[in-house]
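We just call them A, B, C, D, E and F in the order they show up, numbering each chain from 1.
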Amino acid sequence: MKKIEVITRPYKLDEIKEKLTGLGIKGMTVSEVKGFGRQRGHTEVYRGAEYQVDFVPKVKMELVVEDGLAGEVIKAIQAAAQTGEVGDGKIFVSTIDEVIRIRTGETGNAAI
Amino acid sequence: MKKIEVITRPYKLDEIKEKLTGLGIKGMTVSEVKGFGRQRGHTEVYRGAEYQVDFVPKVKMELVVEDGLAGEVIKAIQAAAQTGEVGDGKIFVSTIDEVIRIRTGETGNAAI
Amino acid sequence: MKKIEVITRPYKLDEIKEKLTGLGIKGMTVSEVKGFGRQRGHTEVYRGAEYQVDFVPKVKMELVVEDGLAGEVIKAIQAAAQTGEVGDGKIFVSTIDEVIRIRTGETGNAAI
Amino acid sequence: MNAADTAFVLISAALVMLMTPGLALFYGGMVRTKNILGTLMHSNILLGTVSVLWAIVGYSLAFGGDVGGIIGNFDFAFLNGVGQTAKEGVDNIPHLAFMIFQCMFAVITPALITGAFAERIKFSGFLLFTALWLLVVYCPMAHWVWGGGWMAKMGALDFAGGAVVHMSSGASALAAVLYLGRRHGFGKQSFIPHNLPLTILGAGILWFGWFGFNAGSALAANGLAASAFVTTHLAAAAAAFSWIIVEWWHRGKPTTLGMASGAVAGLVAITPAAGYVTPMPAILMGLVAGGLCYGGVLLKSFFKYDDALDVVGIHGLGGTFGALATGLFATKAVNELGADGLFYGNPEQLWIQFVSVVATWVFCFVMTLILFKIVDVMVGIRVSQDDEIKGLDVSQHSEVGYQL
Amino acid sequence: MNAADTAFVLISAALVMLMTPGLALFYGGMVRTKNILGTLMHSNILLGTVSVLWAIVGYSLAFGGDVGGIIGNFDFAFLNGVGQTAKEGVDNIPHLAFMIFQCMFAVITPALITGAFAERIKFSGFLLFTALWLLVVYCPMAHWVWGGGWMAKMGALDFAGGAVVHMSSGASALAAVLYLGRRHGFGKQSFIPHNLPLTILGAGILWFGWFGFNAGSALAANGLAASAFVTTHLAAAAAAFSWIIVEWWHRGKPTTLGMASGAVAGLVAITPAAGYVTPMPAILMGLVAGGLCYGGVLLKSFFKYDDALDVVGIHGLGGTFGALATGLFATKAVNELGADGLFYGNPEQLWIQFVSVVATWVFCFVMTLILFKIVDVMVGIRVSQDDEIKGLDVSQHSEVGYQL
Amino acid sequence: MNAADTAFVLISAALVMLMTPGLALFYGGMVRTKNILGTLMHSNILLGTVSVLWAIVGYSLAFGGDVGGIIGNFDFAFLNGVGQTAKEGVDNIPHLAFMIFQCMFAVITPALITGAFAERIKFSGFLLFTALWLLVVYCPMAHWVWGGGWMAKMGALDFAGGAVVHMSSGASALAAVLYLGRRHGFGKQSFIPHNLPLTILGAGILWFGWFGFNAGSALAANGLAASAFVTTHLAAAAAAFSWIIVEWWHRGKPTTLGMASGAVAGLVAITPAAGYVTPMPAILMGLVAGGLCYGGVLLKSFFKYDDALDVVGIHGLGGTFGALATGLFATKAVNELGADGLFYGNPEQLWIQFVSVVATWVFCFVMTLILFKIVDVMVGIRVSQDDEIKGLDVSQHSEVGYQL
């Protein structure tokens, strides 16, 4: 099984999620993260003191899918998340050795 | 070494942690995440406008363990986290190539 | 490509980031996590009721780098994050199968 | 000059002043995190700019000698002649006390409008707009109703600002959002309040300050003040209750935001009537206002205008209802200087109230449209889409609200 | 009729009104995130429901003509005869001012109870319970003590509500939690306050409003009001200090929650005594109250009842202590209409106070148990375990507090 | 004795009391999350400790019979002789009312200092320091200016505490941070406010309470009170505006923290002048204060002292400016008991003000240095570096602010 990690713009989350459920994806896990990259951050000023903030708010989506689905899922995500502007983010794909569904004890593809 | 990622109900955290320390687990890292899955979310209503919220608060626990311990750890987690209701969550297992303890520079199993 | 996950003290974040940009690292993703480990937590008291809190605030940095860079990066992180006190944290290294840059569709090292 | 009345009016002025920071919280809690500071700023900075303008020229335009029933003259410009002794016609308190009590009303009225164009207005344009709006909309309105202008002469009843404060801000809000257009993502993304405890606290502070607003408008610590205090409280109470009952029935759940919104709706509705009606009609007005304004906020989804925090639905509609209901329930038994309403045998009063409603809506709506156009041409009125997505806090003020 | 007294009582009423939103924050900060809105709602909605009920019939039951020393009659129902002129017996202020000042007390008293059953009560049941409680517990209690009922006739001293407000809510709180049972996870999970700054702010607002509560209870802007103001402040101050000293000694650290809790404990304790004692005994009462109520909150861990936010420990115990201490420290030198206490040569007063304490506890405890049973049968009083785990915000109100 | 004045002063005292919780929020929002509770505690616990000390001995030291122009005697210790009748010399209100009004000033003054040494002071040392500071710095200062001491005799004008409250806390703040040293990470890490909405709310509450502070200082509900109310409001308004204009020009953006800071700067500057100047000079003073204090806060980056929340830059500088400007703009036309300033033909007044400024700075700075040394030796004044990194909330109070 593959783990697909997506780091992208927060306001794209709903759109991506909808695309994915369209593909039959049943689950994913999302967290708020701060990204550092080519996209410029912003300046903050408090009582005349300037601070350069390099981190930009991003969301991270993690979803584990069957090997066969990965390609399609990645394509869907890319399509939904792309704006063409710097800061669209990345997709990281890695291998998962095992998955267990806590409720039933199922493992492997059945557990996803 | 194996990385065990658990996504489960927030209020189960303490129970699982205790089980794991019982097994001799020395460390883990926890974050708050939002999960999307078979478990239904809830509805929110603000001034008559309804919003369907599909994401459910979950915790993610990450722990890296020696290969030999993984099976036992997974079993313990499953036992502690299981309620039998939809939404109990998943355990994902993957392979870690290297671990370094920052304080000492130790690597591999010694660093866990 | 390698994924390097660092779990360390929050106030070390800026220092590490600067070291890494010095090495030519272009991106990373950061999240706030709670760590459980050898470092002692603290006690909280609310209206006479004592609670032992074992979790300590930590940051998690994730960065994906070309295989060749990994060693150097890890060394830099360790140097910057080390205080020598319990709680400095860990570095976990794992393998990433594929990286896609959403904006351009580039893959592999070019996408990092 | 009467020390007790002076004490009462000064403390009332302080209470009304607190409403503006309270309103800032009420609104601030409802926007998204990235706009919290911008929203707090919109209300609070008016304590600065409007107060200074008021002292320089606004007060005189509103309460200076009448010029054709339309506007005041410049007699009181720079607070010339506004001193520790009484004003002609309000002889129980120092002129300065009257002026500053009125100042607080002038501050909060444009602050009310800011809920409509929240999350997308450019700060420089906002500053310019509110300054102009004060001078060409608020000051005339205040003059018409309280400064001896034509509405006063016509006999329109507006105890504490149903027309001057609430309808004027509601009508201006509608013009503003029509001009400005919808927020990016409107109807697609969910615009969910980011910090409702702030909103609830803000509503509590508003309710508290409103006692200064309405009871203080008696300008004396007498039975009328007590009566206005009571009607204010009961209308707010009834509306808080009726709003949640209506939404319970409509959407299945009573909400805390509904409770807070209802309370404000009730306070708005009773404002023009506070010193003219007895307690039971006040409860009735509150009950109606809660349900009516709940319907009012639904209108925007229907007509697809983006009145972000429901200024039209609550202040516009609530103020209008209150003004008309004053024409129904007013009675001289409460206030000799008032008039009887329809239910006390004087149908004409309802007609007078109706005229004042129409005039207020038309005047404020048109003027605001014109001002938005002028400001837009001069300095721009809406932030770029990029800035809107980043949020006003970072893009307009280089700050972020929370680092928790 | 006196304008200064009218101003003072009206402003005091506004201050007391603000206590309810303040209490909402005080409580709200202490619950877990998922219950913040539900908790804010519990206090604030009573501004709506209780106020309306009060105007319709509650005021009359409490302050209408005495029926057998037990309850008021219906003379003032629908505020009939409650107008801008003075009430018989309180001839310095408009009757409406007296009524609305009392209204604010009626609102906050059931709000105090809500801390006990926080995080698990069903909203519909809650609404019904508080409505019934107002009519069959609060109104009689108010009548007994302030409306010319039997406690007043007996000579019990309760300046601003030690029995009527604090003991009554404390005793009812105990009954409520015994009936309702513990929260899911009690004793196993940690129930940690989710937003202490809200709690600290709430305590500040309570302290502020309490000046209206206690000094306002003089019903005139005179030396007695000043005296009650001072004793109130000093007791709160002393108790804030003594609480943190006691916990510093007991647990090793002085806490901010302790400081806030202590202040409230001191305010509770001085409430019955405020207009009868001199400043130094007030400080002493505060010092004792801080330590005593600290002990009071420890009781729940010992006896394992789940009084979530310590209403029994603080209001029940603090109010009881205050009532008894009034029997010790009261002196006619402060208030001619009062009585001397034990330390001023009148041991009987302590006995009278004791009787009033026992009667209050028994009456309120029993009545609340009965009401809980009735409400439980009618609409249900506790949420399902699933809803409790989800939290009241989502399950009862379809809202969430924060989207930061 | 006058009931209206009594009502006014009591309510004013309540307003001033609320400033301390307001200040706690203002400061609390600006620190980092890990110090929020410690910071709230620093202000609020003084309501406890200072109030009790004030009743026991502080009030007497400040307002008891004059001893050599330096200090009061012990006549009023334990509030002996402070009763419901009037004080000699202040014959319109109960002595207790005067005492408690002054008490609130004594509480907030040391609270102001706490902004300077935020995020690193040891709680026990803090408690000891503030207790000593009250007795040996504040009480003498209050006596000099308001208790018939040498500054009063010299003719220095300080209506509501430019010297006694603001300069004294500013000068003490400077001494404190020089003694204490910089926070760990100063100049390297970014010290960013963690919750600006709290700060904005705090500023709103301060502004509100300041009406009690300044207008209440008239000690009567008269024209002078109205005048002080107006000058207070307009100076705050003007300074809120000028601060953001200056920073807009200097850093490219107007900030909400700037708006709040400017308002406070204006309030500080007008404090000594409030009852002596007319509205237009008040606006001018506000405009200058906003810009000046903006410059003031930049000083710390330049000189590298760590005045965490800018007590020196705002209260020290603002208070000094206000005191001197009083010497320029004061006029007997506003207050017969005052004096004319330079612009009204009396250059000597400016000299008197200057002397009072220098004396205040030197006295408070030196005394605070000495007290810090004493406290440091006795119980320690700074937390360990480890505790500082953990934050005051966990290390000093065993609590955390938020569990969202």
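One rule holds in what follows: contacts are C-beta pairs under 8 Å (C-beta built on N, C-alpha and C of every residue); 3 or more make two chains touch, one makes a residue touch a chain.
Chain labels with UniProt names: A, B, C = Nitrogen regulatory protein PII; D, E, F = Ammonium transporter.
Just so we're clear, the structure is a prediction, and the values are computed from it rather than from any experiment.
Visitor: Which chains, if any, touch chain D (Ammonium transporter) and chain F (Ammonium transporter) both?
Guide: Chains in contact with chain D (Ammonium transporter) as well as chain F (Ammonium transporter): A, E.
Visitor: Given that chain D (Ammonium transporter) and chain E (Ammonium transporter) are copies and touch, would you call their interface same or different according to whether over half of its residue numbers are shared?
Guide: different
Visitor: Does B-E or C-E have the larger number of C-beta pairs in contact?
Guide: Answer to which pair has more contacts is C-E.
Visitor: Between chain A and chain C, what's the gap in Å when you average each chain's C-alpha atoms?
Guide: The mean C-alpha positions of chain A and chain C differ by 18 Å.
Visitor: Determine the centre-to-centre distance between chain B and chain F (Ammonium transporter), using the mean Cα coordinates as centres, and give it in whole Å.
Guide: 51
Visitor: For chain C, give me the residues that contact two or more of the other chains.
Guide: Residues 31, 44-46, 94-95 of chain C each touch two or more of the other chains.
Visitor: By the touch rule stated above, which residues of chain E (Ammonium transporter) touch at least two different other chains?
Guide: Only 2-4, 7, 11, 192-193, 195, 251-253, 255, 257, 398-400, 402, 404 qualify.
Visitor: For this structure, give each pair of chains that are touching.
Guide: A-B, A-C, A-D, A-F, B-C, B-D, B-E, C-E, C-F, D-E, D-F, E-F
Visitor: Can you check the complex and tell me which residues of chain B touch chain A?
Guide: So the residues of chain B in touch with chain A come to 2, 6-8, 31-38, 54-55, 58, 60, 74, 77-78, 81-95.
Visitor: Can you check the complex and tell me which residues of chain F (Ammonium transporter) touch chain D (Ammonium transporter)?
Guide: 2-5, 7-8, 11, 15, 32-33, 192-197, 200-201, 203-205, 207-208, 211-212, 215, 220-227, 229-230, 233-234, 236-241, 244, 251-257, 259-260, 262-263, 278-280, 283, 334, 402, 404
Visitor: Can you name the residues of chain F (Ammonium transporter) that touch chain A in the complex?
Guide: Checking each residue of chain F (Ammonium transporter) against chain A gives 190, 192-193, 247, 250-253, 255, 257-258, 261, 294, 297-298, 301, 310.
Visitor: Spell out the residues on chain F (Ammonium transporter) that touch chain C in their complex, using ranges where they run on.
Guide: Against chain C, chain F (Ammonium transporter) makes touches at 185, 189, 389-390, 394, 398-400.
Visitor: Show which residues of chain A lie in contact with chain B when the two form their complex.
Guide: Touch residues, chain A against chain B: 3, 17, 26-31, 64, 94-103, 105, 111-112.
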